[in-house]
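Note that subunit A is present in both complexes that follow, paired respectively with subunit B and with subunit C.
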Partner chain A sequence: MTHVVTSNCTGCRFTECVTVCPVECFHGDAERLYIDPGLCIDCGACIPLCPVKAIYDLVDVPAAQREWIAINAERAAPLPVMRAKQAALPDAEAQRVALGFA
Partner chain B sequence: MAVQAQIAIVGSGPAGFYTAEALLRAGLDCSIGLYERLPAPYGLVRYGVAPDHPKLKSVTAVFDRIAADPRIRYCGGVEVGRDVTLAELEAHHHAVVLACGSPIGRQLGVTGETLDGVMSSATFVGWYNAHPDDAAVQPQLDHPTAAVIGMGNVAMDVCRLLCTDVGNLAGHDAAPAALAALAGSRVREVHLIARGAPGAAKCTVKELRELGALPGLAVRFAREAAVFEAGEPTDLVSEWRALAARPDPPYIERTLHVHFYSAPVAFEGAGRLAALRLRDSSGAATTERVIQCGLAVTCIGYRGRPPAGVPLDDRSGVVPNAGGRVRATRAGSRAGLYVVGWLKRGPTGVIGTNRADAVETAACVMEDLSGSAIEPRAGSAAIEALLRARAVRPIDFAAWQQLDRWERERGLACGAARVKVSGLPEAYAVLDAAASTPA
Partner chain C sequence: MATIQETETTVLGACPHDCPDTCSMLVKVKDGRVTGVQGNPDHPFTHGRLCAKTNHYEERVYHPERLLYPMRRSGPKGSGQFTRIGWQEALDTIAARWKSIIAESGAQAILPYSYLGHEGLLNGLTVGDPFFNKLGATVSERTFCDSGACTAYIMTVGPTPGMDPESLAHSKFILLWACNMLSTNAHLWPFVAEAQRNGAKVVVIDPFRTRSAQLADQHIRIRPGTDTALALALMHVIIRDGLVDRSYVADYTVGFDELVEHVKPNTPAWAEAHTGVPAAVIETLAKEYAQSQPSAIRIGVGIERSAGGGQLVRALSCLPALVGAWRKPGGGILQLPLWAFPMNWPGLQRADLLPPGTRVLNQWELGRALTGALELDPPIRSLFVYNSNPLIVAPDQARMRTGLAREDLFTVVSEHFVTDTARYADILLPAATQVEQDDLMFSWGHLYLTLNRKAIEPEGESVSNAELFRRLARVMGFDDPFFFRSDEQMMRESMDWANPALAGITLESLAGKGYARLNLPPADQFAPHANGGFPTPSGKVELKSSIAAGGNFVLPVFRQGSNEFQDGSPAALLPTWIPPREAPKSNPALAQRFPLSMLSPKSHSFLNSEYANLARQVEREGPQHVLVNPADAASRRITEGMPVMVENARGAFRAVARITEDIMPGVVLAPLGYWAYRSAGEATPAALNPTAYADLGRAPTFSDNLVELRAAP
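Now for the complex of A and B:
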């Protein structure tokens, strides 16, 4: 089991989530974050912090988002660890509103 | 050369470790003494998190990595306020960070709370997790009915422990005495009692789901209509509804009775708990209900117990603070004294919440230390000298790791992940025995 960052994160990257991850298993590229399934301990701390509900427990990932399970697993580990909150991407606020999380 | 900052951290739970990490990562030139009263580190990760959640406990690998930094001197078996005073720590360090957690179970304040058979979650959880302070606890499991008061994640843990097959608990790190007692438990009916509405329960969907998933568990609602109150259901309310709507298991081992809008009025019995009296807290009914039960566990929160000399807010049970700086009075802070974790925020959040919180407290320490030049202080070397003079023997991290191996080996013999050391006397005996046997 693990937790998975799904599509809503792309292009926003509000990194609130990384500040509470007890094992620092978030990795990121310029666009978004991924969770390393080998490290995540399923504590659920990150879920309520994400302003765009991008993170799901593996068992709750909606059908349309299931591709992200494999993408997180493949991409996370080689990318740098994200430990501290980063500046959100410039379009993050607009994207949040567009996604319906005003 | 700049003076090295001497920092003392009191308590080695998540908040203590994450504070040490945050200070080191922020680039502070410092030496950190990390003091822990128990023979083992990790705080409630070891003594709070339920035995059937082993994956969560693997977070201790992160704490081990932090402890490996040579700038941290870990001293287990040292209680601040008993073996060394807070004033002594303050005299020898530039900053003292209190990360002592909130170990005292809150009281309901109703009559009968001191009856035999009524206990707080702090005690009950300490019992099944082999906390040295709770070794003598013996919960009454000889009556078919138990009550659990409160609806946070701790209440969910306690219900799950009472309703699960003991086979699901064995193999991890629960206290062997608790496993034996639970194996002989006669508890078949567990009443879960909350003052408020289904949506107001503080538990997470995940914990509720886990409880509901126990094989052989039937779930009943004292007032099922409460679960289907009008309004857009939250994820949590949807979970309650799913529980209410599902069929009973083919074979009922135990039954969970859920009571919303119910407030305890009194625990009744002669010396020993016999019944719990409830009143309706929604205002809809005036009649009281009585549940005959032999055990009641109150899971309504925790209060801090900081070392003597530290202010504690009576209402909230935390140390008054501003972002982690301890406030001595309404206006001023007490220079050099900080607080973090449950003692700062109260018993909320999960393990990782303490990481973000520690970053905040560490930033206060950094800011205060960078303001002016500091004079040299002796730090943990002075404290260790005091301890030696008092014949207190600190358990350093290498010694803890030796105890850790011993616990795992002892676990192997009975098919468990580990059997925890019972307290400081046993810890010293194990370390002495290891020292006297040639490797």
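Now for the complex of A and C:
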């Protein structure tokens, strides 16, 4: 049971999602965010907030993105919890446009 | 050529489910179809979140297996074979059968069966009560959840909202007792987390390391059904060590001197022997609870589910007064804040229409009632099920199945899907989902009234429950205009709008933003019992309960408004230890055969049996499983993933073993809700659950249940 942060987050890291998480299950590094699957309660509140649609319910992760299920599970817990909104990465806006979410 | 696309609109809705959170739900509609739902970001409690159950409510609405038309059985009972018919034929068939049954046996041969499959004031708990009361059918005593806790709570502090759930953010110490908040009350968690960030200690008391226990500061594992011993020992320490708020107790409680004597034997060492909780842990818990004010206790629905569950809630309802927790916002006990809502219960249930002397049948009796074991006169000849799936959620599953298979039993089921219960219907009726109907929602977990607006026309020929009972009233020849009120008129008459709690709130104002907070002080100022004022006979916290002197009872709201044929068995005046019926210590003979205690709580992704047929939720939860401690697994040579049989003298079901330290030794946990005909076998955990009542309010004793595991053949 969990939601998954997929590839679109890499290089953007807008972090709107962390502001609504009721269980503080987002962890982050310099590039992107990961969800701790042991904590996520599948409330789904983060999905509509992501400007680049990077977050999916596990059940809905597209086939080409399914590697991120394991990556989130491995990397999330050791990284620091991210609970407050941070500035997006410098190229985030450009990447959003490139991804077609302008 | 470009076509003109209808733009997406948003309709303000409300989650219909039996959950304390009653979310404000934004329903997105395009071209007359629901495209998605979302938690309302503006709602202070919903906060933009729904849950693992309802995030994709549209999948429920448009599910290919949804029941969309009335059906008539076309195969053997239980085969699930049905043929589509029209509404008129369905209604005429029901009316003809009922009229002949009433003529031959009297109306009490008809039994309604429902609970909170829907929670709205129009389509929920009470929707069928006026109809069946007027008909004179057997009264259904519905004690699925919180009835025992309600009786106990009211015996102690009266029907008070007590705490604003949001005030937990201001607590300094929070005790989550038998409450897996992150799975069953998830929208309250952020308030707990806020308190925790501000330095409050959060302690979870549970045999299972729940998600909430993982996030708490301390998790205290306790043997199932022994919590009253812990609660009494907390009182013992608080009194012994002078941690009592003497002036609060003197001014606002009755029975303190007797309680002091009463709990003298309930030492931490005594409690350790029963609960398995070390005496030193009990000592510390008592001190921290008493000295960290305001302190709060949040109890879960399952807390009542053992032989002494009522006394447990009596004890827990006494504790806040002993330590003066009620003095400040964020202190007290949180049971059901629904008491804040000025409901017009008499108008919703119309017990005045009930012929005097109409018998009352508790819902745990269904299996026995249908199989002649109760020797009812007249016997039950027709069963009408709505808002419930008894075959999966009620005990005595095997006998119920035998009863439902009776050729002479005329069964009608109103549903969204062909559930295990619905497979036994003679007539199936299609029920509307929440996006296809209007409703007004109260809450048993926050202080907001929420309006649910119809977003789309009903799929197929499905109808709201309110409309269902209008149609039934018509074919049964009722002529009182009360039975033909519009939805809007029903809403207007469902509450006492002149009550100060509703000052400034109207249906019109609700239509604007979808919800309104009751006219009560804000959470950071909400301390209704800072200066006593409890709605009990004495106006005080009744440590020694005057209401208990009248004996055990079920609140009339849980029995169609009827107050006849109450249980009446004696109830202790002071909170008292009642050991579990089925536990190694209290029943060693039974424990020789069945040494493990079984819990069967709600699954994270199902709401009882709802959603347990939907692919998304089933994929998340996997097949029916049972959690087993490694020690218990090893001694039975059970390994991870092995198919096992879980059994006791009442029944057996098949499950996959999941071995984990999250469940304490001697206890197994099997989530309830899986559908039998979609599982490996005929049975589910309810097959093992006892029908025996808890001590108060005829609560179930589903957690007072010994079982054994073995490898499946």
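FYI, the second predicted complex is superposed on the first by the 102 of 102 C-alpha atoms of A that agree within 3 Å, B and C clash if a C-alpha of one lies under 4 Å from a C-alpha of the other, contacts with A are read in each partner's own complex, and residues count from 1 in each chain.
Definition applied: contacts are C-beta pairs under 8 Å (C-beta built on N, C-alpha and C of every residue); 3 or more make two chains touch, one makes a residue touch a chain.
Only a predicted model underlies this, so the values are computations on that prediction, with no experimental measurement involved.
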Side-by-side fit of subunit B and subunit C on subunit A, or clash: clash
Contacts of A:30 with subunit B and subunit C, given as first, second, both or neither: neither
Subunit B versus subunit C as contact partner of A:64, first or second or both or neither: neither
Touching partner for A:41 - first (subunit B), second (subunit C), both, neither: both
Partner chain in contact with A:22 - subunit B first, subunit C second, else both or neither: both
Which of subunit B and subunit C A:102 touches, first, second, both or neither: neither
Stretch of subunit C, among 585-593, 603-611, 621-629 or 675-683, that runs into subunit B once the two complexes are superposed: 603-611
Subunit A residues contacted in one complex by subunit B, in the other by subunit C: 1, 20, 22-24, 41-45, 57
Touching residues on subunit C, where the partner in the complex is subunit A: 38-39, 41, 47-52, 55-56, 182-183, 186-187, 189-190, 193, 211, 214-215, 604-605, 615-616, 619-621
Of subunit A, residues touching subunit C in the complex: 1, 20, 22-24, 38-39, 41-45, 48, 57-59
List of subunit A residues in touch with subunit B within their complex: 1, 19-24, 41-46, 57, 83-84
Contact footprint of subunit A on subunit B as seen in their complex: 14, 25, 55-56, 58-59, 61-62, 204, 206, 349-356, 359
